[in-house]
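By written order: A, B and C. Residues from 1 in each chain.
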Amino acid sequence: MSRYSRRRLVNRAMEGIATVAALVAVAVLVIVVVSVTLRGAGALSWDFFTKPQALFGQPGGGIANALIGTILLVALATAIALPVGVLTAIYLTEFAPRRLAVPIQIVIDVLAGLPTIVIGIFVYALLVIGHTQSGLAGAIALAIIMLPLVARATQEVLLLVPSTLREASLALGVRRWRTVLGVILPSSVGGILTGTVLAVARAAGETAPLLFTSSIFANTVQTDITKALPNIPVLIFTYSEQADPALHEQAWAAALVLIAFVLLASLAAKALLARSRRKLNP
Amino acid sequence: MSGSFTMPRVIDVAQARRESGPVQREVVFEVQGLTVNYGRATTAVSDVDLEIYRNLITAVIGPSGCGKSTFIRCLNRMNDLVPGAKIEGRILYHGDDLYASGVDPVEVRRRIGMVFQKANPFPKSIYDNVAWGPRVLGMKKNVDERVENALRSAALWEEVKDRLKKNALSLSGGQQQRLCIARAIAIEPEVLLLDEPASALDPIATSAIEDLMHELKRDYTLVIVTHNMQQAARVADLTAFFSLEVDDHRRTGVLVEYDATDKIFTNPSDKRTEDYVTGRFG
Amino acid sequence: MSAVPTTSPLQTRRRFRGRVGDLLLHGLTLAAALGSVILVGAIVWKVLRLSGTSFDRFGLDFVTGRTWDPVRHVFGALPFVYGTAVSSFVALVIAAPLAIAIGLYLSELAPRGVRGLVGSLVELLAAVPSVVLGLWGILVLGPFVAHHVEPWLHTTLGFIPLFGDPQQTGQGLFTAALILTIMIVPIVASISRELFLGVPRELEEGALALGTTRWEMVRGVILPATRSGIAAALILGLGRAIGEAIAVTQVIGGGTRIGWSLFPPADTLASKLASSYQGANPGLETSSLLYLAAILLVIGLLANLIAQIIVRRFDPLRGARA
């Protein structure tokens, strides 16, 4: 085989390998989604969404309590993480001297990479030892995970605001804080929203932070955040470790709900991103 | 040869070339009815017919946007890399259609080399920049010799022979461009296409490149795109003048006149050419 | 305020209120930013402190201790360090070429429409919650591995001690490594794709104009130019794998065995924490678990910092080092 044909063959082979790799990734996603759908769709019903977990050993029941609990937990976590994240980003882009900004950025990146189970244990040690599990503790653990995501997304979009805009406002004699709150933040809302939606999608599926802070719950609807709140990820986790196929089916169904939510949130984030991009470059 | 810009030098060179007219030379490229469209809206060049002759320097001049770069990139099938580019017409290279089905662009580019407007050395050492092409293409014998010859032909050897292992990016702009020329000739092409090779360089570096071209034309066929008329007058044996035709909001590049350089500059046949070279427009 | 005479008291008041606003915002945002820093410090400090009892008892020998016995109050981390190391390493070995190939496909090969679609699907894979992957792992992947993959590997490659006797449930290091691979690939693929797209067009064209094939251009120009970024991406993916507790604990089976075969059940640092923390006896056992958490934390921090250093120091495209 001539040198040239060998080179062509190698090129073809590499192209094939790359294509196969991409196909494998898509295939895995499809297999997982199809598995979840096939195995979980059967348990979906009106009861499933409106009834709380059944008593041990009894058939039926649903995920109503876990659903409400997750919504409460994520809402509370967002309420904590969003302002802190946005404020942190504002500090980094508007106020921080260069020498401080870089180390703080590194720390935030480190925070983003910490194992979530360690974060769960930390909040457990801080708030649960000596008391009981609580939705509040769980929400705080989730907020710690959401914080770097919100901060980074906000920072990126704040940096996109042209400095001419800032200068124009300050040149009018408008105060710094008014400029930030009245000019810069409003133009960044799209990006902040996108980052928040993605952080919410992430938080809704996190189990490890809740494992020690909000995992021992009754099978009734609970809205008191000083007590452990039922939630979907821990429910899936617990059911998955049991041997009862009925519970497995419910786990699959709950997983389907979770994946559907994550998918919707990702699509929403993409749409938001496209829209805010269009606003910047009409 | 010095780099002076006075008129007498232009006429001297032109007269010298008139004695060995292009008619006796072998045809390297025969372009027939070349039309290039990018998508449906843009026609970059339309219906170009010309021949390129061996061991001569052919310049392509014209106002910006007239399709000079598009034209030259067709000669080594670099426009294949532009998504949406559609090429009609024929380009015969020594009688063979470059765009016939079954022709591999890889082989085309081995024989027809290109130097780009902005010097683009690889982030490798000077030696590796020149040696990489031959090694990959299978010219494994006497790589050292090959590198030295290429660098000598590019008038760069004396300046870099003691630091061949240094990063190519440490060279000046003019040196980097000569390195790119060395890189291109290391694989022993027949033709060298140069797309505005000196436009990013200072006058001294430009002069060095132009002197180099006179040397190179002994062994290679050169086609050079330039927006600098004086450069074309200094360097080229033949000059092709492209211009823009505006027709119904569509701008298309067309070949207006193609002749010996001195004729183009002293006694053009087409009024559009005359307007351009005398500076009335463009 | 200043030496400029004020013309009316109203003006002074407004100016004062504005300054307060500025100071307030500055202070608030500074507090938030510092809060993040303090948070990381607090996490590290708390974990280290709570592991103190166990550290006092076992010292650094804990890391090499092979026994984990709550009854006899002997604790050692080695089985879990081994589990973490092996599962993450195997996952990385499988994931790295896969993810880089996908990154190349998305940046160099895929036609325009496909590029966006497949890219989105890969990102979606990254968004699947780990508990869902773990559920799928227990009920679908595990049995599949147990009934098809492990026996096949054992019969064809059984001479390699990695592939010992197949297990019944499919729960073990091997399945855990597969799940971790699924988690690492999208992260590394997305970052790789961005890196490859970032290589300047002129460099690619310069290589292709010499008459090289696409693959030769990738191997000679794109991969060398992005190697530090890819290294950082791989370390990031590795950090993710090391820290994953939920999906791993669901499929790894639990155990303290250290041996050659990948198939029997085991535990990683993270999975041991997830499975044991609830029922642990306060005192030495809990403290030992927190010692595990401390080891996990240190490894995670190291991985993160190394990734940051690589990116900042060794980017070939910037002409720093060839």
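Keep in mind that, in the parts below, a residue touches a chain if its C-beta (ideal position, glycine included) is under 8 Å from a C-beta of that chain, and two chains touch if they have at least 3 such contacts.
The model shown is predicted, which means the values in this text are computed figures rather than measured ones.
The chain pair sharing the most C-beta contacts is A-C.
Of all chains displayed, C has the C-alpha centre closest to the centre of the whole protein C-alpha set.
The greatest centre-to-centre distance from chain B, using averaged C-alpha positions, is reached by A.
Measuring from the averaged C-alpha position of chain B to that of chain C gives a distance of 50 Å. The distance from the centre of chain A to the centre of chain C, with each centre set as the mean of the Cα atoms, comes to 16 Å.
Distance from the chain A centre to the chain B centre is 54 Å, each centre being the mean of its Cα atoms. For chain B, residues touching at least two other chains, in rising order: 106-107, 136-137. Shown for chain A are the residues that touch two or more other chains, namely 7-8. Across the assembly, chain C contributes 213, 216 as residues in contact with two or more other chains.
Of all residues in chain B, those touching chain A in their complex are 104, 106-107, 136-138.
Chain B makes touch with chain C in their complex at residues 76, 78, 81, 83, 106-111, 113-114, 116, 118, 120-125, 132-133, 136-137, 166-167, 169-170, 180, 183-184, 187.
Those residues of chain A that touch chain B in the complex are listed here as 3-4, 7-8.
Only residues 7-8, 10-11, 14-15, 17-22, 24-26, 28-29, 32, 35-36, 39, 83-85, 87-88, 90-92, 94-96, 104, 106-111, 113-119, 121-122, 124-126, 144, 147-148, 151, 175-178, 180-181, 201-202, 204-208, 211-212, 215, 233, 236-237, 240-241, 248, 251-252, 255, 258-259, 262-263, 266, 270 of chain A touch chain C when the two sit together in their complex. By the touch rule above, chain C contacts chain B in their complex via residues 112, 200, 202-203, 205-213, 216, 220-221, 224-225, 316-317, 319, 321-322.
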